[in-house]
Every structure is written in structure tokens, then in C-alpha cells.
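Note that the chains are named A, B and C in the order they appear, and that numbering of residues resets to 1 at the start of each chain.
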Amino acid sequence: MSGPRSLSTVLILGIPILWVVVFMLLPYGIIVTYSFWVKAYPTFKPAFQFGNYLTLVTDPQYVQVLLRTLKISALVSVLSLLLAYPFAWWLVFRCHNQSLKTWAYMAVIAPLWVSYLLRAYIWKTILGTEGILNSFLMSTGIISEPSSLFLYNQFAMVVTLTYIFIPFMVMPIYTALERIPANLSEASSDLGMAPWQTFLKVTLPLSTPGIAAGFTLTFCLSFGDFIAPFLVGGPDGNLIASVIQSQFGSALNWPLGSALSIVMLVIVLAIVSLSDRIEARANTGAH
Amino acid sequence: MKKTLTALLALTASPALAEGTVNVLTWEGYADASFITQFEEESGCKVTATYVGSNDDFAPKLLGGGGVYDLIAPSIDTTALMIDLGLVEPLDTAAITGWGDIYQKFRDLPGLQRDGVHYGMPYSWGAIAFMYRNDVFTTPPTSIADLWNPDLAGKVSLWDDKSAIYVAARLNGDSDIYNLTDEQIEAAKAKLIEQKPLVRKYWATAGELVDLYKAGEVVISNTWAGYQSSLLAAEGIEVTEFIPTEGAEGWLDAWMVVKDTPNRECAYKFLNMQLSALGQCGVANVNGYSAANPVAAKACMSPEQFTALHQDDPDYLDSLMIWTALGERFEAYTNAWNAVKAQ
Amino acid sequence: MAAIIELQGISKHYSRTIIGVDNVSLSVEDGEFVTLLGPSGCGKSTLLRMIGGFEAPTHGKIRLAGQDVTHVPPYRRDVNMVFQDYALFPHMTVGENIAYGLKMLGKGRDEARRMAAEALEMVGLADKIDQRPMQLSGGQRQRVALARAIVRRPKVLLLDEPLSALDARLRDQMRIEMKHLHEKVGITFIMVTHDQEEALTMSDRVVVMEKGRVAQDGRPQDLYDHPASPYVANFIGTTNFLAARRSGAGVATAAGPLQVEEAVDMPDGAEVTVGFRPEKTRILAPGETAANALPARIAEVIYYGLGLRITVELADGAQVHVDTLLPDTLARSDVPRPGTPVTIAVEPHNIFVFPGKVVV
């Protein structure tokens, strides 16, 4: 092999490998290693034991927070789906005014360019006891006293996270719907199916890759969030990422924090591979 | 070419570069421009400040890669950890003017020394007092029990910190709050879980508590005495601080020199400034905290301020349960507090 | 035979100025194979989609077997369509695709599968029932689309450019297969195409469309032999056009007078255009005489296997194509060379006469 050629081979293979090693394997390797260490005042010391993982299983507080986080993430994903799907469907199939379409799409996507914190703060001002929602409900006479039911609880977290992550649901569904050839709906109608049957038998199945992708994105993003609980969550709003943060921070228990991170990583990977499988199955037909 | 380079260097450099710099990791207000600017001009040391939100930030920031900070200002419950972690070096007290003027009680705190060697220079102090909105209470609250009053459901806040365990323990009658047994911690935890339905939100930052009061979400909570109440006063919201019958925790922040700092000269200039009238009244005026050096405080404070900050009130000082490092027990406390939040 | 499809004054106006279909009336007999032919944008596909129910006409009525279906949605119309790129459902197997439309006809699962298998048998793809459309070639997909539409036994089968996505060889083969299929199932076929050869070879009747209107409607050979307008003459086959004036019993072109047989009801001296097919034009042998002989000069000779296309220039500079079959005795040296003076001739009955001057 000639000199320049072997150099280019080294570069072509080497850069991605280096990337994977430096940005994936190395950090994860460190976290995995820490997860077997043991807490020892003032910090922690190397060991190989499964005590941290055992703690996660035996101390109910971790299972509790994990289940709560799964519940919140699932609610966010479902709510996002219920809102995003009809919207994307309308954009693709019913909105024939091109500039309206562009504006409507941008209206959903644009918040992505606004700081995350700002978007979460907006919901604080909307949902608060003296917030916009309460003022509105009181001015319309629906309620006579401001309600504290909207902010600092799981409802507020779900609403805020849905608002923040819904673009990640709209985009893949929009793309999936747009990729469905228009004549498939016509063919279905031609073969005797009413519009709602066509939706169930053609449009919905063919958009499953988009749904799976959107669900995965919103679920995983919510799953790893710790800002929403901090800003709009209440006393019952602790999520898994906040716990990890406190283990690496105030508790100074990196081994336990690492074990928690690994558990979280495994859950996320499981969801991603499940979604991959759904997408792959849906894609064996469509290109 | 060389000229251009020199010109460029001169442009990027601040006027004080010639003398030196000092990088501090501290609380907001502790390196406020109102007194730091004067220090920079007089000493020729440029101050670069990074702010922490909690005492828990010091260890991770320093462990995560040193060499960045020269001085830190942790609280008295964290200072011992800094010494144990080997992150700080012994103080040259002889190089600190006014060392002898610091309250004796503070200088001798066990968290600031090891084997008779001093590691921390007391700077400011205060109480973790309690606070309520004047317009809500006809009878002023006097006890921690008032934060467990079902009538105040959804209007209570508590600091999101292991300090919550101290609060609940005192309510349970366990006054040795820094040496709680497992059973006592468990009881405190149960007490806090019992309180959860009343809690609107656990506050994590000073600003957050101010916002909660401002937005009408919260009417009673604990507080960093002097600080949040003055911020609220500025917003036109009248609150009153009180020390409950169960007593209050006291805190003290001390400056510590990071091990092997390359900027030792500027660091000590900074320490001397902070202990002088400039620094002591600086923090008192900006944050509303009490000063550790009463001699300097007397020189720069009005008599009213001097009294209001309890600078001549040994009994007040003695009544505070000054934070103590929890050492090996630290985990039991934080774990209990995390378990409360996990509920 | 009864009319299965009747279009009465059908128009589709997209706006005041954009008109897709303009007042088309058409009647299709039961069992007929009718082709709508025209260039893109002539309105043929829109007309087909209106018959299918995918678009609604702005004026006029559509009757299917005597029933007014003008505003009946596609899923309640007894017609089926073969889409241009087949529109097979990618997430279903071939069998599921074909059985898709049977459930709504009240067929059970087993019966639907049996009917799907039969339909596949008919198009020669019995073994592909469990494959996915992705796994099939273009021609196979085309057949599946046909089977899916036919299995429902609709009154009318609509075909939208059904062969345009296939390569030339496959297209020729499918033309014949579809013709046979039409004979076998006896359903009315209405096809849209822009390919005149396809239209001529497959259909019983061709409707040539121009700018949303019907330009001519008739049997393929009628259209070829008696085009109603220069547009039809030019669209179906190739035609040489020459400007002329009416003169006595014939016409006078710039290159010389021509006798014609077509009755031309126009005053002497009126502007006309004559047209004649290249393959009906002859180059006379030396010394040969014929009616309508015009002197010319060879301009270009193109060899296309089956024969030669010779372009000649008339005395006035007008160019005329002459197609000749290549006799196997013709030696290579006998191929005419450019520049050679020749005489061309067209039989009077092979000349079309159109009124007015035509720019083609």
C-alpha cells in the first residue's frame, strides 16, 4: 500500500473511531467504572461491588422516582402525540395555503430557538396563582378564587415539558405524513374505503415511523429533564435526572449517581431500540 | 510585527494585569463591584468571580479539575470537607491584618482548623431564620410548628437542603440537630413527609424564594436572614423575619485559600480587604449579612445597622446553632432528605 | 349496447382564466376500450379523475349506468382506477393489496384471499401473493395494480397513463396483455395516455383532446386516415404541411399545383393548408411519371433500420419528409445522397386539406 493511500485510510477510519472512543466509550466507561466504586468520606474509593445497584433496587426512593419519571415522560409523549398528530395531519393534507402552512409550521418550530429556560418561565407566569390562566378564569367567572392547582405539581411539569418538546413530535410526524404519496389515499378511497377507514388503514400505519421517532424523542428528552421539576414542579416533582444531579452534587456520591445514570442509559437504549424495530418493520414496505 | 503584537497584548490585557489576578469561587454579593472596584484599583489585582448556588457546588467544581480558583468561600458545614479533601491550604494568619479582631467564637470553630492550624478566615454570618408575609397573619407565627399548620396548605415553602432535616428535628424536640441518631433522622423524615401536602414548593435559590413570595404562592418559609427579606422589601412586599422558639441554625462563611494557588500574593491582599471595613461593610450592605470582624464593622456601620445586624449581641450569637460538618453522618442526612423529595 | 358512462357538458374551471376541461360531452359504451389522448395539460387526466370521483366538475353531469354520480365520492362509485405509479400500499403484501377493496364489498377473509389469488393468477403472478410491493419489478407492480382494480369487477376501469413508468420493451408486452385482459374480463376500460402509438394499438376508440376540449373522437384508423384538424394530424403520426390556395379542383402550393380528392367547400383563392403522411409520399424512379409530381432535392437521409427517412427540399425551400421501406435488394450505393435532384409524388386521395393557414 502506498504512503498517501494508507494515510487517507487511517484518517477515514481513524477519525470516526477516535470520535466514538473519546466522546462515547471513554465517558461511558468512566461512568460504568464509577458505578462499581464505593462511597467513603470525604469522597469515594475504587472497588468492584454491586452495592450501588443494590441500593437502587432496595431503597424505595429510587424506584419511586424512576416510576414517576417514566409516568411523566409517557404522559408528555402521549399528550404531544395527541396534539402534534392532528396538527401535522392538517398541515400536510388540509392546509392548501402555502404561506399559512409555512407560518403554522414555524409557529411550532420557532420556540426551539428560544432559550429553554425562558420557555419554562413562560409557563410559570401562565400557570401561577396570580398568573394569566387564573386571571382569565376569574375574569370569565369560571372560578371565583385563584386556583393553585395549575403550578408546582406534576400537571405543570407535563404541560411545560409538552410545550417544550412538542416540536420533536411534530417534525418527524410531519415528515412521515409528507412522504406518504397522495395517491395512496386516493387508491384507498377508490377501493371503497371512507376517509376515516383510509386514515386507519393507510395514513396511520404509514406514519408509524414518524410516530415512533417522535415518541422516542419526546420520551427520552422528558426522561432526562431536570429543569422542569426545578422550575414548575412541586414537592412531589422530583425526577430521576434531579436525583442524579444531587448525587453528583450535594450528596457527593458519584458511585451511586453513576449507577443511576447507567440504569437511565439502559432504559433509554431499550426505548430507542424498540422504536428502531417499529420503524424498521414499518419501513420494510415504504422506502 | 513585534510592535503589533505588543499592541494587541496591551489591548487584551486589563490595566491591572501587570500586578496580578485572583480568581474567587464564591456567593453572589461577595465580590460585588461596589467594593471590589476600589480594591482592584488600590491593589492592582484583577478579581474574577464565579458564583455558586449552593455549598454543594464547591467540591465538584474543585474536584473536576483544579488550578482555576485561588479562593473559595464555603459555609461552615462544608469547610471541613474542603480540608478533608485536601483542596485548601493552611492560612498564614500573620499575613492577615485584623485576624485578632474576628469574634473569638468564630476563629475557634472546629470546622475551620485542623490540628491547631487555621484553614478558614471567617467573613460573614447570619441565621437561617423564618419569615412570613405580614398581610396574611393576624397573630405573628412564633414556632416551626406554624409551617405544619394545615390552614396554610399550599402556602408553605422550605429550603431544598438537608437543613430541612434540622428544622423537622427541632420540631420533634431533638435539639442536637447535628448529631441526630438514625431514629431521630427517621422521625424528622416522617415529619417532613407529613408536611408535604402543605408545601407549595421547596425553594432552591434565594431568587426563587423571592419570586414565590412576590407571586403570592408562599406566605411562610425559612430564609437566609437579612437577604431575601431586603429583596422583598425593595419589591414592596412586607415580610417579617423571626427566630422560632425552637431556635435557628446559624451559618458562617469563611474564605479559604486553594492549595498551591499561583496567585498567593493577590489572594492575601484580597483576604485583608475582605476583613477590613471595605469588605465587611461591603457584604453587609450588599447582602444584609452580619460581619465577622466587629472592629471593622463598628468603624464603617451606622450604630443602627450595627445593632440590627447583632454585631454587639453575644447572646444572639450564642442562641444560634452554628452549622457543623456532618462528616460520616452527612450521607444519612442527605439520603433522608432525598427520600422525602422522592415521595 | 347501452352507454355505461355519459358525460354531459363537463367543465372544470380552476379559476376564471384557468380552465382544465371545457364543456366535454362523451358517451362510452359498455365493454368499450376508450382512450383519452393528448399532450400533458390537455385535460385528459382531469377528465379521468372526474369520472373516478377524485375531482368534481364545475359544470355538467356524469352518469354511470344511468345514475347521476357527479357528486358521489370515489368510495361509493362503482369504478376503479389504475394509478400512474400504481399506488400500491407499501405496508401490505400483494395479496392484502388486492383483497383491500373486497372487504367493503362484504367478502369474508377467506373468500377475499381466494379472489385475490384468482386475480393474481389472471395477471400471471400467482406466486407473489405474500410478497411486498417493494420486492416486485415495475412490470409486476403494474400487474398487481391491475389485479387490485379488476378484482372488484367494477363497471368501469380507469387507467391513468398505466404504462408510462415501464421501459420500452415491457411497455410493448403490457400493451398486448392489457388488450387481452380487456377482452377476457369484458369491463369497460377508459385509459389516459399521451402516447399515440399506445392509443392506436389498444383502443376501440380514441378521443383526442386539445386544451380541455375534444379535438376528434373516432376509431384509430379513422383518426389516422381522416384527421379532423392539423392538430390531430400532427399528434397522430407525422404529417408534412404545406401552405396553399384553393385553385380549380385542386390546390396551388408554392412548389406547384396538387390535385386533391377531399371535397373542399371553399372559394377559389382561399388560404388552405395541405397535409400528407411521409409514408404516403414517394420518390419517383427516374423517368417515372405520376400525379402530383413535385421537383425536389435531397436534403438529408436518416437510416432507422426498418427504412429510410429522407428529407427533401421543394423548389420554394419547404421541407418534406419521405419515409420509404428499404428493399433488401437496394445496394448501399443506391442510398440517395444529399443534393441529388429528385421528383416526389403523393396520390390525391392521400392529401388532407384544412382551411386556413396553419402554423405547426
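One rule holds for everything that comes next: a contact is a pair of C-beta atoms (placed from the backbone, for glycine too) under 8 Å apart; a residue touches a chain by one contact, two chains touch by 3 or more.
Protein identities per chain, from UniProt: A = ABC transporter permease; B = Extracellular solute-binding protein; C = Spermidine/putrescine import ATP-binding protein PotA.
Please read these numbers as outputs of a predicted model, since none were measured by experiment.
A linear topology is adopted by the chain contact network, the touching chains following one after another without closure. If each chain is reduced to the average of its C-alpha atoms, the one that sits nearest the average of all protein C-alpha atoms is A.
One simple way to say how far apart two chains are is to compare their mean CA positions; for chain A and chain C this gives 56 Å. Mean C-alpha position of chain B lies 90 Å from that of chain C.
If you average the CA atoms of chain A and of chain B, the two centres end up 37 Å from each other. Interface of chain A with chain C (complex): residues 181, 183-184, 186-194, 197, 201-202, 205-206, 282, 284-287. Contacts from chain A toward chain B in the complex involve residues 39, 41-43, 59-62, 64-65, 128-131, 148, 151-152, 230, 233-236, 238, 243, 246, 248-253. Here chain C touches chain A in the complex through residues 52-54, 73-76, 79-81, 83-85, 87-92, 100-101, 103-105, 132-134, 148-149, 152, going by the rule given at the top.
Chain contact summary for the complex, chain B toward chain A: residues 54, 56-57, 59-60, 63, 81, 84-85, 154, 161-162, 196, 199-202, 204, 215-217, 327-328, 330-331, 334-335, 338-339, 341-343.
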